[in-house]
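Take a look at these structures.
Consider the two complexes below, in which chain A is the common component and chain B and chain C are the respective partners.
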Partner chain A sequence: METEVKKAQGTMVSAENPDITAPADWQPVIMGILCNWCSYAGSDLTGTSRIQYPPNIRIIRVPCSSRVDPWFIIKSLQTAADGVLISGCHPGDCHYISGNYYARRRFLVTKKLLNFIGYHENRVQFSWVSAAEGPKFAKVVAKVTEDIKQLGPLHRYKKENF
Partner chain B sequence: MDHSKQIQEIASRLFAENKIDYFVGYRQNSFDDTQVPFLITDPAEIPKLVFTERSVFNLSNYLKPDHTKRKRVGLVVKGCDSRALNLMLTESQVKRENVYIIGICCEGVLNEKGEKAQNCVECVMPDPVVYDEILGTASGKREYIVNADIKELAQKALTERADYFENIFENCIRCNACRHSCPLCYCAKCCIDQETSTLYHGANTSSAGMHALMTWSLHLAGRCVDCRNCEKACPSHLPLHLLHKQNEMVIYENFQQHLAGMEKDDRGAFYKYSLSDPDDFIL
Partner chain C sequence: MARVGVFVCFCGANIADFIDVPAVVEEAKKVKEVKVSVLYKYMCSDPGQQMIRDAIIQNRLTSVVVAACSPRMHEKTFRKALSDAGMNPYLLEVANIREHSSWVHQKDKKAATEKANDLIRMAIAKSIANEQLHEISVPVTKRALVIGGGIAGIQAALDIADARIPVTLVEKSPSIGGRMAQLDETFPTLDCSQCILTPKMVDVASHPYIELIPYAEVIELDGYVGNYKAKIKKKASYVNFDTCTGCGACTQKCPVKVPNEFNMNIDKRKAIYTPFPQAVPNKPVIDAEHCTMLLKGKCGICAKVCEKGSIDYKMVDEVIEREIGAVVVATGYDLWDPKPYEEYGVGRYKDIITSLEFERMVSASGPTNGVPLRPSDGKVPKNVVFIKCIGSRDEAKGIEYCSKICCMYTAKHAILLHHKVHDSHAYIFYMDIRAAGKGYEEFVKRAQVETAATYLRGRVSKIYKKGDKLMVRGEDAQIGQVVEVEADLVVLATAVIAPHENPALARLLGISYDKYGYLSEAHPKLRPVETAKAGIFLAGCTQAPKDIPDTVAQASACAAKVCGLFAGDTLKKDPMISTISNEFCSGCLNCVKVCPYQAIVTEEIPLGHGSKELRTVAKINEGVCQGCGSCVAICRSMAISLAGFTDPQIINEIVAI
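Showing the complex of A and B:
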């Protein structure tokens, strides 16, 4: 019912599903999964430095970017999120020495597979943000939010549609 | 490729020497020319053992404790099966001294239509990589070929691909036969069962199918050996190899040409890393 209303006044078109549209003021929900030691501290610095970034991101803290199972990404896309941003320490800076190197491999495969089954490649994005990079975190979130606004709402495989 | 006689001889010798408690091989189906896995404890049943190009299943799956209860097992493996077995040994799922492996230099098995199966045409390692005894003549490692279906699908537009896969996930009845038939899916509890735990989430939707199959394939990424046991077990005849072959291709191209289970003590691609792994996709 809700989708039908959106369709009538819609201007944003879903990249995966051309039938689905949303109003021009539609705001995406982005799942942000941040590593405790770098990116989470980085996002904290963004806040304490009073740098503005889009409020669309919902942040979850994990001990390390390699804690992120591809399953988390699938679950996010299947439930509330229109996009996912995963962020960890820069290569070489991992608190657990090599966690982000393992994560990097997994992310590449996950991203390619999601694209293969029909998600736009910008739906799931990754970044390296250190604890000192407050402005970078704001830039990354702004970029990801903008990308996902371009893609429109994610409709396919959403649990709420069934 | 008929090794039935040799396998029968080896099996009776192993039982006579009391080296094994179980023997896992293939038996002719009673109603057509296909074969089924055959688990024996009684030497009297040895004459039923066969091995031809119709022996399609991966018998490493029967090393799971459910089937052979961690006892001493003799089993027949082809090239791909031995790679899966190699990974099971590396991941400590089975003890080397508990298995007696009859490796077969595979010449390719037939699919349901009677043609050479796609994974055999694209096979990289037809010879067993781990064995106690080897039958047939080894032909060596072959060059990696990108799966034909993957190439074809990659050409299509995003929405077309999405529609194609939605159809696949819609047709998944979530019987979990793919998981049970996979020798490398041995976890006692599986995270994809979370979706089955309540009445509401248990509804069989394409969303739940996507969740189950995608999670399953990503947990097997870098470990899948392309034996296609899952596809043979699937009652809906879903092309499950697409997900695995896509992962395999990305891993082969980006991570030092890694192929699962080829070497002893080589764990999956996600258990190691290289400083030069691509990270141009990371912001």
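Showing the complex of A and C:
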């Protein structure tokens, strides 16, 4: 009820905890962790093609999506990020043969854990973007940004918040 | 404490128009480790780099952040600027504020500037955790191993050896030559296969840089690029090749007759045999499965007739080792067994043969002296029906792909039939005629015009027997009618398939193969002869069906790759690879399972200081590791560190925002 009122007044309310709110012009921070060979190259192509997308994402480059430790996701959510995007090569296209398959499996498990402790489904997302998919990268970022805006600010599971 | 220099680039207007660069420079100064933060029009230009070099020296910087275009663009340039200033090049980090900000947020300067600030803060934080890294150099053993002695293996071996690099050529069968040795004349020029192949075979045998090991197989391969060790099993031939002169007395006198696989079992060979007259090496071997002396201890004739005393019934398999730096795999192809074509009466009707059987018959040195004969009654056939795409492009019974060579060799067979039996007629049932290649379309025309072969577009639905003829019923799609052809002989162009041993071989070599068993290239377009494993290359049909010109081209390409690899005394390698700390490794070996390159091995180390008891830990072979980081993320003990992308570096980036 209270949430509805706040929302009606234009306040952003966290999907996980109605006590966490932000003003109407609140902008989420999204952490993007991209593999060097496909998704990072794809994001570069978005740039060279001057395709515009929301400015909320901050990008970290890793050699392969399989380098992504669940710790990185959790750490991001603990500090500044309201959402995380992991992106790798398409299945079968991994520069390192099979790394992206490990990444996907590890990601699914991590996501289950995050859901279990109360994070919304869409806080952390995974995508396949190839080095040729500049337009797709822009679309993915736009979608993730929109999803996170819908979810509102994040309740951070940090010692000081309990 | 760390002393970081930040260098922000305008990139002309590319960055400056959409990001408030002076504000970004000031913002960077707020980070306490930053000792210098400056801007310049074009950081990548000479004066820009000079600026970086000077600042490094003046401020005794411990790491450098360049905020400019993507690191995929100029990381190398800026790394060089660092080394020129006497700094380790890996202390550089690039903040990508062009592709990731100024170019993609052109309508919101404030947001683009904020994002640039964050990206620079992240790069500063990461750079503080950067470590000095040094290019790895691995020694190379300059010897190549070629597996398979068909035309692919022969060509690769000769080209490599001509560059004065020693080659070990391992061939499974008693002679090199492969399938090409079985062919009569070859499309599209109809030159005789033996005439162009045998000189190359002889060159292989006499080349001072080639060690030919026939009748042998590779059974183990250890190591990594430049440093492989191969175990080769030499099968017992029961003939001492060193003393045997190849006179042939033994093969003449041997009483045991066995179907001759070289001639597609059309005639017989002996239990001691050389596969064909021009075999290289021209020494016989005893087929242990059929020799009565080896099976039952009865006979011994060959030993009696051999003047050199070269026969040794007690000979056993021998395993030898070779150290090599690179491998060329050229194990060729097999042919599909058309048994599933029951409606054709395959197996029931003797006068249905395969194209390779036909090829042996029309070969001047073949079992029928160059004349095709009906297996049923030994008569010369007049009407011959050729059916293409047997098993190829046939998902239901065979395989999905096109075998690539059958259109061409069937046209060739129509021509050869006409040459050998002047009053004959060839009918060819086909789905498509695929004749892409230099002189290929013209060659098919030649079959159609010169020899008046009848091309019928359509599938054959049934073959049945009528008297001593075979009635071939099929569809002629061009006139939309069912046609029946009375045939004396039917020839099936069976699909090319991968050797059935390829998957086992691939596992042994640590390379991958596709769903058909063909060995996989690293990239279908840009790296067609390399495998994903450094130092292992592919030539010929083992990678995909292809004809002789393509096979030879690919083999020469492999040779060029091997020569390139061996050009220096050491191989340079990116230092961004993983290492395991013994102290933290619990020996769970999860990392061994995930490494896509089998770079991780085990090692026994003392349990504690000076302890006699041992424990197992994982160890990464720096020559093999490609630096993907799979193992780092799987390690629960956090024992693995990937240089350039360590946990502290990435966590620093995350917490910098």
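Everything below uses one rule, namely that the second predicted complex is superposed on the first by the 147 of 162 C-alpha atoms of A that agree within 3 Å, B and C clash if a C-alpha of one lies under 4 Å from a C-alpha of the other, contacts with A are read in each partner's own complex, and residues count from 1 in each chain.
Heads up, the rule we're going with is that a residue touches a chain if its C-beta (ideal position, glycine included) is under 8 Å from a C-beta of that chain, and two chains touch if they have at least 3 such contacts.
Treat the numbers as computed from the prediction; the structure is a model and nothing was measured.
Visitor: For A:Cys64, decide between first (touching chain B), second (touching chain C), both and neither.
Guide: A:Cys64 contacts chain C only, not chain B.
Visitor: Check whether A:Phe126 is in contact with chain B, with chain C, with both or with neither, and answer first, second, both or neither.
Guide: So A:Phe126 only meets chain B here.
Visitor: Just chain B (first), just chain C (second), both, or neither: which does A:Pro91 touch?
Guide: Once the two structures are laid over each other on A, A:Pro91 reaches chain B alone.
Visitor: Which partner does A:Arg106 contact after superposing on A: first (chain B), second (chain C), both, neither?
Guide: both
Visitor: Touching chain B and also chain C: which chain A residues?
Guide: Correct list for chain A: 69-71, 75, 98, 102, 106.
Visitor: Which residues of chain B touch chain A in the complex?
Guide: Residue positions touching the partner: 150, 153-154, 158-159, 161-166, 169, 191, 203, 205-207, 210-211, 214-215, 217-219, 221-222, 242-243, 246-247, 250-251, 254-255, 269-271, 273-275, 277-279, 281-283.
Visitor: Could you pull out which chain A residues touch chain C in their complex?
Guide: Within the complex, chain A touches chain C at residues 27, 29, 31, 36, 40-41, 43-44, 46-48, 50-53, 55, 58-64, 66-72, 75-76, 79-81, 94-99, 102, 106, 138.
Visitor: Flag every residue of chain A that touches chain B in the complex, lowest number first.
Guide: On the chain A side, the touching residues are 15-18, 69-71, 74-75, 78, 91, 98, 101-102, 104-120, 125-128, 140, 143-144, 156-159, 161-162.
Visitor: Which residues of chain C touch chain A in their complex?
Guide: 70-73, 96, 98-101, 103-108, 111-112, 114-115, 118-119, 122, 512, 532, 576, 594, 596-597, 626-630, 632-634, 642, 645, 647, 650-651, 653-655, 657
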